[in-house]
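Two complexes follow with subunit A in common, the first pairing it with subunit B and the second with subunit C.
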Partner chain A sequence: MENREKLKKVVEDVFLLQPGEFRFDLRRDEVETWDSFGVVSLAVGIQETFGYHFSPAEASGISSVADIITLLSAKGIKFDN
Partner chain B sequence: MTIDLPPRWSLDQLRQRATSGVVVWATLSVRTRLRDVLPWPAVEPAQSLGADAEWLVVVGGGGLIDEAKALRESRPGLKLVVIPSIWGSGAEASPIIVLSRAGRKEIKISPSARPDAVVYWPELSKSVPAERQRAACGDCWAHALEGFLSPLASPELRNALAKVIQRILALPLGFDAQWFEMSALACAGQSLAGVGLVHGIAHTLEAPLREQQPERGWHHAKLCSTFLEPVMRLNQAGSDKWNQLLTEHRLPEKEVWTTLRALFEPDSFRAALPVLRQEWRGVLRDSCSRTNSVLVRPDWLERFECLTLP
Partner chain C sequence: MTMLLETEVQRDIQLLRRAWENKSTFAFLTEKTGVGHEWIEKSLSLLPDEMKNGHFVLLTSGTTGAPKLVIGQRQRSEKLAATLHQLQEGEPVEETILALPLSYSYAFVNQWLWSHCHQRRLRLTSGLSDPTALRQALQQARNAMICLVGVQVPLLASYFQGQSFPGIIRVHFAGGRFPQENLPLVRALFPKATIFNNYGCAEALPRLTLRKAEEADQAADVGRPLPGVELSVNEATELLFRSPYRAVGVVEDAKFSLIPSEAWVKSGDLAQPTEQGTWRLLGRASEVFKRHGEKISLATLMTTVTGAWTGQAVFYREPDSSGEDGCVLVLAPAPAPGQLQEILLSLRQHHGRAHWPLRIECSAALPLLPNGKPDVHGAAVMKDKTRLWYQRI
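Entry: the complex of A and B
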């Protein structure tokens, strides 16, 4: 599975999204379950999937799926279209 | 790091210090025994206290203790002393308040919620049925393990909780006065990091199970005991974190699994599965499930149903 697909699956599972709800331009303020617990859960899911552990500041500073891609890309994880 | 606990008093110290305006809330099962040791009559727990109340002494389990902690939040200055009637919840040692409201669990955290003092009177729990005592051990184990594995636990807290796990490994799964202190440490420890899926399941399923299966006598500790091994099996399968952390902290994996198996109730687990399926969405949304050590994915429900257990 490509990294974009892996990321989509993690975000869907973490935030309990319904089919069709995920978008790569999804923002935190559009997702009811993207609260402080969701931030913890997202960090756990990203570590399990990509092996990168967000610092608390990084995790709480993420406000969109695009931010996740930017952060992980900076760590060498590629998200080619 | 040392896990901070409320001051521990003896019954004598309580009698000497609480000199006026004392109200005693006690569960029915212990009221008769209290008459011999406390100079104040025990009353039916209520949602309000008289204006002259200065002390609230609570004798009971975690649910009653948390009701008292919630009441004290609206009565600053009221001194709260807790005598747990059974170990397990450790509610006497934590700033967390878990309230049952309209079939749901409401969780609040307030530093001022922690009781002012705790009196341990282990004899109260000697007459508790063995099944209930064993479940109380499971409650303590769930706090210790889920706090230890929590993604929010600091290395220092993990060290402290690993020591608690080492100590409870040596205890019988039944009456032992040391369970009170261990439960307090486990609960106060997990309050700094959160728990996980065992508690997400317990909080979500308790009300529907009580309603749908009254004959089984479901309660929080029984749910923790029943789901502790299955959840830990899934945690272990879902990530290498389980093995890494146990090895790092020199916790004997085989002995831990043996204990979790001893706590496991296969009949209860099988009976709870249909309700787990019915409530699964709620379990996933529960705040405790969302701080589980491993990401709880929607397809975990099928994994529960496929677990090979006795």
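Entry: the complex of A and C
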């Protein structure tokens, strides 16, 4: 599975998104389940899927799916279209 | 009757002061009530005339997990704020930092009302939803008090690893299990603070007992009753109380109930007195438990699940990785992916994250009791289960 697909699955699973709700430009403020505990779940999901553990500052600073891609890309995880 | 919403008050805290000082009774509610506006309005209309002035109304969930309006008399709550000020050595405290929803009776009385009555500053934050702002408030704190729920401790320790906030001199816990095992983390974060375990319930509005952290070594020890509060247990060890600070009435199931002045009220917990004069909790009086400070009813959750799933289902209780109470849902037989998604979406639609099960598992069939009901213990220990989804907490 491509990394973009893997990321989509993690985000859908952590925030219980509806079919079609996920977008790569989805923002935290658009998803009411993206709360403080959701941030923790997301960090665990990212670690399980991509092997990278967000620092608390990184995790709390994420405000969109695009931010996740930017952070993981900087760690060498590729998200080619 | 004035209805104040939490977001309005976050924008202008003076709204709450004006409502408190105004003669007319007001309701203070979070936006995400889980019940419609119509339910609130209809429930408020049931208040008797004598409660339409000088009172306030908060929304909570009762021992059944069903929504309930709790009616408090302002003078009684002001007396409680004064009592807490004395017992919790509040005089040196110059300000209080809000890290919980203000419409929780705990934060409302221990923080807003206390700050109002004692002319102390209330610093609003969004709690762990915005850890950066919370950290800034904690760093700037000067002789401050904060109210927390136990489940916040591991998160605070994770977000603020290696940092300490000596400006916090009082830390209060309530609304769930006291974080006895995590006290070293609390002391590392707040090295100058006196730490208190507060216990109560919605009808107590909200305090019944108090203890300093070091006065017991078990989370279940909730300390001694506040002055004026009487505690007792019935034959079923259900904890009962009488209190001069408690709510004066409730609206539940479209019915107003007056709490008579001499009535013994159930707290919703099982308990026993200790030889030292303190009280020890033995568990919830029903299948309702608290998670992240919110009461969860397994019956209500099951209603949600069965609305989206026609197979067998059972919940069993399990603590999460931080020791907080949680539950696991077992389905049988294995649902198709679309059916699982329906259940998950239904959970999202009807419940906040605190209510979601820690995991959803499935099996070919559930173990049954002789009476044909699912065997909860058997479902917890059976080996041939598959994990379908989990919260990663």
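Here, the second predicted complex is superposed on the first by the 81 of 81 C-alpha atoms of A that agree within 3 Å, B and C clash if a C-alpha of one lies under 4 Å from a C-alpha of the other, contacts with A are read in each partner's own complex, and residues count from 1 in each chain.
Definition applied: a contact is a pair of C-beta atoms (placed from the backbone, for glycine too) under 8 Å apart; a residue touches a chain by one contact, two chains touch by 3 or more.
Bear in mind that the values here come from a model prediction, so they are computed numbers and not experimental data.
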> Which term applies to subunit B and subunit C once both are placed on subunit A by superposition, clash or fit?
Replying inline: clash
>> Going by the contact rule set out at the top, does A:Pro19 touch subunit B (first), subunit C (second), both, or neither?
In response: second
> Is A:Leu7 in contact with subunit B, with subunit C, with both, or with neither (first, second, both, neither)?
Replying inline: neither
> So, A:Ser60: does it touch subunit B (first), subunit C (second), both, or neither?
Replying inline: second
> Does subunit A have more residues touched by subunit B or by subunit C?
Replying inline: C
> After superposition on the shared chain, which partner residues are touched by A:Ile68: those of subunit B (first), subunit C (second), both, or neither?
Replying inline: neither
> Between subunit B (first) and subunit C (second), which does A:Val40 come into contact with in this model arrangement: first, second, both, or neither?
Replying inline: both
> Stretches 132-140, 168-176, 204-212 or 240-248 of subunit B: which one clashes with subunit C?
Replying inline: 204-212
> Touching subunit B and also subunit C: which subunit A residues?
Replying inline: 13-14, 16, 33, 37-38, 40-41, 44-45, 48
> subunit B touches which residues of subunit A in the complex?
Replying inline: 10, 13-14, 16, 33, 37-38, 40-41, 43-45, 48
> Once bound in the complex, which stretches of subunit C touch subunit A?
Replying inline: 127-132, 155, 158-161, 292, 341, 344-345, 347-348, 353-354, 356, 389, 391-393
> How about subunit A: which of its residues touch subunit C in the complex?
Replying inline: 13-14, 16, 18-19, 33, 35-38, 40-41, 44-45, 48, 56, 60-61
> So in the complex, which bits of subunit B are touching subunit A?
Replying inline: 151-152, 194, 238-239, 281, 284-285, 287, 290-295, 297-298
